[in-house]
Amino acid sequence: MKISVIGATGYAGAELLRLLYGHPEAKLVHITSESHKGEKIASLYPNLRGLCDLTLESMQDMEKIGADSDFVFIALPHGHAMEVGKGLAHLPVRIIDLGADYRFKDTAVYEAWYHVPHTHKEAERVYGLAELYREDIRRAKIIGNAGCFTTASILALAPLAKEKLVDMQSIVIDAKSGVSGAGRSPKQGNHFPELYDNFKAYNVAHHRHTPEIEQALTDLSGETTVLNFTPHLVPMSRGILATSYAHLREGVTAEEVGAAFHSLYDNEYFIRLLGEGGYPSTKEVRGSNFTDLAWHIDDRTHRVIVLSAIDNLVKGAAGQAIQNFNIACGFDEKTGLDFVPMYP
Amino acid sequence: MKISVIGATGYAGAELLRLLYGHPEAKLVHITSESHKGEKIASLYPNLRGLCDLTLESMQDMEKIGADSDFVFIALPHGHAMEVGKGLAHLPVRIIDLGADYRFKDTAVYEAWYHVPHTHKEAERVYGLAELYREDIRRAKIIGNAGCFTTASILALAPLAKEKLVDMQSIVIDAKSGVSGAGRSPKQGNHFPELYDNFKAYNVAHHRHTPEIEQALTDLSGETTVLNFTPHLVPMSRGILATSYAHLREGVTAEEVGAAFHSLYDNEYFIRLLGEGGYPSTKEVRGSNFTDLAWHIDDRTHRVIVLSAIDNLVKGAAGQAIQNFNIACGFDEKTGLDFVPMYP
Amino acid sequence: MKISVIGATGYAGAELLRLLYGHPEAKLVHITSESHKGEKIASLYPNLRGLCDLTLESMQDMEKIGADSDFVFIALPHGHAMEVGKGLAHLPVRIIDLGADYRFKDTAVYEAWYHVPHTHKEAERVYGLAELYREDIRRAKIIGNAGCFTTASILALAPLAKEKLVDMQSIVIDAKSGVSGAGRSPKQGNHFPELYDNFKAYNVAHHRHTPEIEQALTDLSGETTVLNFTPHLVPMSRGILATSYAHLREGVTAEEVGAAFHSLYDNEYFIRLLGEGGYPSTKEVRGSNFTDLAWHIDDRTHRVIVLSAIDNLVKGAAGQAIQNFNIACGFDEKTGLDFVPMYP
Amino acid sequence: MKISVIGATGYAGAELLRLLYGHPEAKLVHITSESHKGEKIASLYPNLRGLCDLTLESMQDMEKIGADSDFVFIALPHGHAMEVGKGLAHLPVRIIDLGADYRFKDTAVYEAWYHVPHTHKEAERVYGLAELYREDIRRAKIIGNAGCFTTASILALAPLAKEKLVDMQSIVIDAKSGVSGAGRSPKQGNHFPELYDNFKAYNVAHHRHTPEIEQALTDLSGETTVLNFTPHLVPMSRGILATSYAHLREGVTAEEVGAAFHSLYDNEYFIRLLGEGGYPSTKEVRGSNFTDLAWHIDDRTHRVIVLSAIDNLVKGAAGQAIQNFNIACGFDEKTGLDFVPMYP
């Protein structure tokens, strides 16, 4: 399959290039960057030195890019992907957007949280969280790849929501991410000496991944879900750990909780269940597309606490995009993604 | 005042030595370690090279140590301090224990969580969280210095508990600590390559700081409080950030929440209020005895989220011990603790 | 090819398992550990969860292990591999030892630096630095895989030594390694809080990689070479950067220096030349088998400074072992090693 | 003494504020920043929250600032301090410049390496490396505070240069610094995810601290010294370790080397000698004004290797400035600097 990557110079775009290098069915045809057009990608990402000789192009001639490609992966800031999507609507090319533009069924929710008008409301789109929306992904024209925090959070709570084991209004998700999640542009707050040996929260009560998590859990539980999501920055480059809390409904047993996880995930290659009492860690999934999951039940408070770990750039971005690509193409889902996390 | 430190080779003990060096009213007389007796402390903590020439002694001759000292600071693993406390009961020396042995009013709670019999139940003791128990501390024979996670957690929630602004059964505390909190003994889990670039939770639903937090919040609110406390390890050496969640009681306003914090803490030198919407970070308090506090109100979920940052070895251990010492001696509370956090 | 790994629970052994997972021509048959025999490897290295179901065995029945295997990789502490090598001498199995036992032509040098008698002096062995000893490796019974620091150092200086461009007595190698190079056993010095935010040298003037570097440079230059090698610990998990200094011989030009590098390495897939004035970094080779090389010429001092970066666990250990395996088997040298370094 | 800080928002300026807070003889009167004038310093450095209420002013009215102050500390980029110095020449105020403008006796050297014309060549100035130029500092109008790498390097080599124990043309200094040394402005190269878990060299063969080191060693040895200095970035915030190599002159003994260090430094409070074979580390001096020094002698190569560790923001910048201030005022040299390094 011929693939183009629009916005190849951010961390998610570069991670796509890393992973597509090892994909036997993918051939890169165009990669774009407006600010670095004409430069070799390897001059910006020297890890690619000798491995990827492509030159960054402008995305101005989208018509040609679309015509040359079977799939276009978009890794642009929100608000820009829908312009690309509209421009490609008349072509047979399929689209996987790593940003937020195509993640919401109700574009009013998007507009309320992202503060931009949605200009492609009629797009035929599906939510790209592979384990939960696989059937829709197979045939989709546009896949709105799930976000990083949202993937870790939704996968943690989906079994409980689906089986109606918890009070959906009691959910608190406390999430922690490595700094690559904040992008490649240098800012004061991400300057090395400021973050190193430091830990802090950000965007409390208004992070944009909140409505995306709520949409999926509402969908799974059939109950309108409003929850707290709090992101934190961990002084490391990669990885997300989400700690999710919910009250068990009256009478729910540990066995039912365990059964819900096993029933939903036992056949999922990219989900590794550590079981009740386990402790996933970000390093154990680093560089891979795995989601490691464990749960704990507190009999004193009748809460279930779910721990989920992913690599934010792989399962939280580029890896999941490729997993969706594999599904959309009918390939084995782990094609190009079948390797061991890098440890230590 | 003549001071001895029992168990001076752990991180909390060594931090006591660092801070006491700059205390104008303190003179170290004995420092002890069973495993390193006869060694110079500066051979174990080379940062003390040229600054502290003391030799580690055994604590076997506690009678002499007690007789030589006005204050004994104990930095031993739990279960050992109460033996020292009993041994010193007949002497005028006063005791500040940095461990858990003297933190609980109800020793049955201690025994249930620490799995050792309490052998000094009759001890005349107070809970050493300076801002909340200052009056008791003035006269105490034995001060059970508050724990690190507990200090960050209790100070975050005390205003809300005291003013009855939140549902006391709705509390979730998600806390993150630097690795020095796990002590100085090397273990597989704290081996550098295992933790670096890694993030994980531990002791979910059964960390021993839980009942200590519950004790204080029950005390402050007048309502038996049961809560979730989840600790995590951050790949850094020092610092705790606690993110605490609670449901606001019906009708409670943002103004009432703010007033509760200001009313309790405006006159507290070591508490810095960043106000509603603020973001404390561990680096901004590093090396100091400050607690930085901020709160956020989520109108969508009717929860208040409180962020609190401390240095686990200072306000969470040695600094608070010195603050308590200052109170017990009638000194200005910031004597020896009045310096700027080290940044960056 | 059927492969066994003797000593699979150290970092180098586990990295072999990670890389062999993706090798199309390798099938693991036995993995051993004396201290963890009977345990699943994935219980020790949870990154392997779901990917490697093997159980650790004792290496006591080496006869069977040798009979079952085409290749045995040994990742034991020095002094132990030669016992395994002797035991397997009568079998057709070939051996790649990741330790020091088979690296020296002159076992007296080994004995002087490692302080143990060499018990397998008659072994038919070659030095396993693929780019420089490829022809010997093809046919070798026993390959003494080059060390981590030595690989970075020798590859940096080989072109200069071979072409006699520098004064061989003027060499200073100042090398810096991530902490995984010190092994997986927890020690006080590698305890997380001690090393984090810290930097220090160790084994100045007597690190055991010194004679290994000298052996290769003597071999290449034809001149007995004695040099300074100084290792340092960088507070990170993986990666080596070596900064090597040498005086240019009278009249040597920048062009000659460049030509020496290009002539030796232009056809080497795993060596990436950044040219004169370049800056390799450990992250740009992380997780990969690449060696990134650049050189600088200081006209003021007539020294050449060479910078070389490798991943100590890949090109410095497991990756080079697989590269040697590929050579020994006649496979394409990059089989199983053809992927992009993980960045950031 | 009334003190003003010109350029208070860089890391060196902010470190001055941290240290001056604890100085009993210093009173801050003005702090300046052109880009942040009108802002509270505590809004930029929240560690100062509650401790420093000063507002940043413009330095435009330098006449008033100079008239109000006994000492002006300048922490501006090179090229700017000499303008301030000229403007204050007619006032009795004394100046300590933390930048490079006043470090060179021969301004032609400055101009050659810094590529700007020197506009204050006639300035009555001394080089502010306290241990070596103390007598000059006492009476100086303008003190050109020594640089960070240079302090670590010169103090390491001064005893050898002074006693003529080494070949002055054989010197190689391989230095490693935490990232705060590169300043507070965010840049791509210092963006957290790029540097974390990474190690690299920079400015090989042309770092501007080179001529400053050469100037001092030439001065001490009486022999024109040309050397290699190579800086590296360590993924940590603070600290410098310099590894310096030199050939011992024929016949020089280990005793003579040791005697040179002891003779020069035994009475220096801020220099801690670890002796032959010792291993200083950056964490053991963190936050303090100490220089820890050790040396190793390699009998095989006849080189001496000196290890020196400092905190780049303290002994390498703000602490040394205060030490110079103390000398200039006739105060005890450790006034305001007498505290224990923060460990771990």
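Every chain is named by a letter (A, B, C and D) in the order it is written, and numbering of its residues begins at 1.
The rule we apply is simple: a contact is a pair of C-beta atoms (placed from the backbone, for glycine too) under 8 Å apart; a residue touches a chain by one contact, two chains touch by 3 or more.
Small disclaimer: the values here were computed from a predicted structure and weren't measured.
Engineer: Using the stated contact rule, I'd like to know whether B-D or C-D comes out ahead in C-beta pair count.
Structural biologist: Pair with more contacting C-beta pairs, B-D versus C-D: C-D.
Engineer: Which chain's centre, taken as the mean of its Cα atoms, is farthest from the centre of subunit D?
Structural biologist: A
Engineer: Examine where the copies subunit A and subunit B touch and state whether the two sides share over half of their residue numbers (same) or under half (different).
Structural biologist: same
Engineer: With chain centres defined as C-alpha means, what is the inter-centre distance between subunit B and subunit D in Å?
Structural biologist: 36
Engineer: Starting from the mean Cα coordinates of subunit C and subunit D, work out the distance between those two points in Å.
Structural biologist: Each chain reduced to its C-alpha mean, subunit C and subunit D end up 38 Å apart.
Engineer: Which parts of subunit C, given as residue numbers and ranges, touch two or more other chains?
Structural biologist: Expected reply: 11, 178, 180, 193, 196-197, 235-238, 281, 283, 286, 344.
Engineer: Taking the touch rule as given, give the residues of subunit A at its contact with subunit D in the complex, in rising order.
Structural biologist: Interface residues on subunit A, with respect to subunit D: 11, 178-180, 184-188, 190-193, 195-197, 235-238.
Engineer: Under the stated contact criterion, what part of subunit A meets subunit B in this complex?
Structural biologist: Residues in contact with subunit B: 169, 172, 174, 176, 178, 193-194, 196-202, 204-205, 226-228, 230, 232, 234-239, 241, 243, 245, 279-283, 286, 296-298, 300-301, 303, 305, 307, 309, 344.
Engineer: Would you pull the subunit B residues touching subunit D in the complex into a rising list?
Structural biologist: Subunit B residues touching subunit D: 11, 14, 17-18, 21-22, 45-52, 180, 196-197, 237-238, 269, 272, 274, 281, 283-288, 290, 292, 338-344.
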